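Several structures are given next for inspection.
Note that chain A is present in both complexes that follow, paired respectively with chain B and with chain C.
Here is the complex of A and B:
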């Protein structure tokens, strides 16, 4: 046995994050750590990384009891974590990010740049990654960043590599490349803890799994002995029959259309239309231009050419407020940075985009604001402990709902959602999907960017498939297959 | 080639050249070797302080107390030299550095251990260190005739007709260049400033680095304490008052991001040179004293705008151009 955790418990201010959890990682195996958000996965990982100390319990590594008082202790024990974000140094080179905290020095104590450069080059070649060691991290794609992080853990000579949702924002092609790298790691006798919300990939890649729910161990077994539905049941604690509760609505006339949108180096020949009560999906590799098109439509960036028609009228959108006035809103993928102000209350966040409607001669009408926010909170089931609670202290799912509430307050007719369920747990996810269904029923039209095929296939009526800034095809979801979409999106047909 | 032209340091260097040429046209006397050597001498202390300030700015902090630290260290060794003129000058230099370092460590401890925000800490010590000068000197000055000859001689030493101050600045430049680019300590400063959370994950001890950065800043402030007093042959409560702002603007002009983790040692030196040049050039082209401060501020702002505008990040290309 490589790593064994026994009876681990951890409390935060009386909240039980982990209760007597056991976890066993076998030598040379890929172990999936599963659970909804708040199930205790990240607490467990942080204990292994030395960020948190368990209140009780034992950690055995290679059959020897160990304590992990801080992150550097974790590294020297051979545990290396690949986090989703924020552990890279954007302004530094690839080489330096690989060797960070572990610089090779010459006998005179100075850093040996040449040797580090060569080693990085070799490492990237072994991983079959097409990255220049001199490049700055800020110029790399998300997938490339993951590879740099993996190289880093190889340099640290880690035996145990923890991957926290490594595929969350990757395209299918990049995911497949990552799988190859993960399997290579396994061949090099590494053990891998793999955290993911995508159950299909867990079944494909992993050997074993452990499911946590509300800080307790629910099940740990070999992947061969289970299937997707069973895993969902373990995670949710109930049978989730229908993951995509798409209501049957009659799609009406065309409401929105774009013609020949063009932006230099970003996209060109973009033509599509959206009908009332329709959900139109946008699928493509990360960086295929989906987000860029939406940002141009919403007036964040400027179009070079092309026209936008709304209710058969040509409209001009120069800035986001023009779009909002027309009834078109865009929910960014980066909800934390671009969607909300964490230090403001839920009420203030919900009312942020409609201040002009809730004020008389520049003086805020608090009564109107409260009315709006409580209506929204009820409608979206946003759970707050007290009325002035800060948004940053809410869970990810509730934060996402707050952002949605903010935009719904503007009473839009066209809603653009950019990866609306990225990184949120199964239950919040289906809540968002359910809600999308309700919105179209009420007469709204939705454009949704998503990198998850099941979501596209489950929720959308039609899907626009993009590749390198071009629309490859617009498909009717009922008449297509996931294979066809993936093929188009990777530019292979 | 295009990469070189858009390099921040190169742009800054060009701006310096342009100003030099423009001033040269207005007043040819300004670009004689003698005059340029004077400007370099005059800017040396600024260069040294900007380089040490850069270390602190790299980790997302600022040291506002440098000028007060400089003045206090300078005053203490001046007072000692009036009592013990027989001591060798190296003794005073070393002592000044030690005093400066201690004052810097105090800043570091307050920020790292007591968790007083850096701006509050150094704003406080800016006043405290300045106030201590009144306390130790009774508000009196130490005049040039009170210093020993030995104390003032070193500063007038010349090599290749360039001053001791200039060569010292060159040495400090090389030292800090090696420190920041070729040692683990320096690279970890960049990582800590670029992404503090991530730096903790790789085992960088933030508190240690804060204290080290402030001690270095203090060390060089102390060194400059001696340099300043010896160069101007006077120690008083008023020396280098407000100089911390000049130092910080040299860093900012030099492209050291106050957001931390970004900036080159060469850029920092060029920033200091630009400011030194402007301060010396304006009197040379007969601009009224009343205007000088405003104009030098305007030029600094303009330099920063040109510098940042040309370096704005290019958008990523999605489409393959056919």
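Here is the complex of A and C:
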């Protein structure tokens, strides 16, 4: 046994991220770690990397009990993780990136570039990778960057390599190349933990699998003993529970429609409509084009073709303010970068989209601003001590509520929510869900992008399932199953 | 309705952390030191005349404050002064009517600023690069037009504006600066325009996603900066009564120093007109005092540099101390 985790539990502020999870990694094996978003995979990986400490449980490495107090301890134990968003130095060469922090020096103290170059070359050759050591990282494809990262972990003498969705944004050809590399790693007696949402590749590449769901171990077995349908059932097989307030509103007439939206290399043939008081979900893998469509509808990026209809009228949206004036607003997935302005006050953030409405001939009316802020605070229960408090000092959940308050201040009719509950605690999460229910009751229509299947199934009336920039199907949530959605989203059928 | 106060209770100690307060203390100290060192310093006529040293730069510092708060920078202002001054001298030499001369001068600066703004927003090139380019470009235009010659004939009104006094006491340039300072303080701190400029400077992406016309604002701010450079050019040409292509050489850094010393964050998003106005007086009184002492120009530069580092460093120093105590 290479690595064994026993009874690992981890709580975050009372939320059980992992509960008595066991995990066994055999020597010389590729082990798939599977589960929906929020199932506990990344918590487990972070424990192995020394980022989190488990509340209880034992870690055995090479049959010896170990603790991993910090990331450097994890590295020196031979565990190396390759993350989706890689930390690399774009302007430096492959060699420099592979040896960063581990430069080999000659006896005179100067860096031995020649030796490092040779070693990198050898490493890449062993992996059968077609990369030159002196190429700059910025000139490499994403797949090649992964390989450079793998080489870097080999320099660290890692014998456990963790790969977090390495194929998420690769083409088929690149994926095949990466498989070769992974198999070569295995030949070099490495053990690999492979995280992926693409079940076909899991079955093709991996030897064993472990499925987590809601922080619990569901199944761990050899790949040979299972098939794809069974894996889907393991992953998605939870009853959609009642934490989602099922809104019993009567859905009314169509309010919003898009026809034949097309943007080169991002999406095409996009047709869907939204009805008043409806919640329309958008499900798909990362990179399936969901966010790109919404950005075009909101006027951030330009459509190549297609038309948008609002209340049966063709409308032209050239910039975000056009959309806002129509009553269509977009809450971005990237709260810190695109949603809020952390160094400005909560009051300023809440009123940011209605500054013109809150002023008389450009002169700000502070009273109106405070009135609106108070109304929003009451509605959303934002925990704030002073209106002049900086927004970045709020908790994630309250920040998100502040951004939602910003959009509600504009009194929108169509609300586009992009991963509205990403990275916020469970309590704020259910507050956001409850609130969505109230909004549609009041007559709003919502489009929600979410990567969490339970959220889609619990909140939405219909769901648009996307794969690689195309709509695979639009399903009525009551008449579908999580298995069917997962299948469609991974490009099946 | 739950009552959430707008601000936390007022604490006297908080004033100490305000940049404006520190700047004010520095200004008062300089006044006290100067009046002790030189008997000529506290003479009313001398003090009034000393404003001629900084009023033209101060006028541009106002629009530059907006530009820097919006997370941009404009290094071409001094070169725009050169272009506008040349236009002023040339159109006068053609015998145009005074009002037409002034109009064309202002137009030339505005166009230069609009050129900056258009390149920056259309091609999404960082303003520091664009204005380094136009700094040379505009100055080069002035040189190639004038070569070794100079203009020394301007409309009477221009001479009066540049060197004259209202009621015999208040220089027109200084008066213009003070009036504009009130207008700009009002726009920046009391209107939605000002709030949007802060939003853009703090987080341009979030501002765009909130429906604020970031590019439009950027364009207008650079255009305004050009217009104000032309206004400064009129006062300066009138005061010097001679225009050579090297007019106002190196002013861009002096103007940016005024703004940054005034507590405007160089990466955008924060600062106040009050701070910039105090900082303008600090720099003005400093060079006036040192001038009375016959300290050469190099000395003034060294003092300015030290002051800049101290006043910028002091608040972060205090904050670090405070954090350690907690």
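The working rule: the second predicted complex is superposed on the first by the 253 of 493 C-alpha atoms of A that agree within 3 Å, B and C clash if a C-alpha of one lies under 4 Å from a C-alpha of the other, contacts with A are read in each partner's own complex, and residues count from 1 in each chain.
In the analysis below, a residue touches a chain if its C-beta (ideal position, glycine included) is under 8 Å from a C-beta of that chain, and two chains touch if they have at least 3 such contacts.
Since the structure is predicted, the reported quantities are computational estimates derived from the model, not experimental observations.
After overlaying the two complexes on the shared chain, residue contacts for A:341 are found with chain C alone; chain B is out of touch.
When the two structures are aligned on the shared chain, A:300 is found in touch with chain C, with no touch to chain B.
In the superposition on chain A, A:119 contacts neither chain B nor chain C. Of the two partner chains placed by the overlay, only chain B lies in contact with A:72; chain C stays clear of it. In the superposed model, A:101 makes contact with chain B only, not with chain C.
Overlaid on A, the two complexes show chain B and chain C touching no common residue of chain A. Per the touch definition, chain B reaches chain A in the complex via residues 178, 181-184, 187-188, 190-191, 194-195, 197-204, 261-262, 313, 315-321.
Chain A meets chain B in the complex at residues 49, 51, 70-72, 75, 81, 83, 86-92, 96, 100-103, 105, 109-111, 113, 138-139, 265-268, 287-289, 292, 468-470. By the touch criterion given at the top, residues 1-8, 190-193, 195-196, 198-199, 202-203, 205-213, 269-270 of chain C touch chain A in their complex.
On chain A, the positions that touch chain C within their shared complex are 298, 300, 319-321, 323-324, 330, 332, 337-344, 347-348, 352-353, 355-356, 358-359, 362-364, 366, 370, 373-374, 377-378, 384-388, 406.
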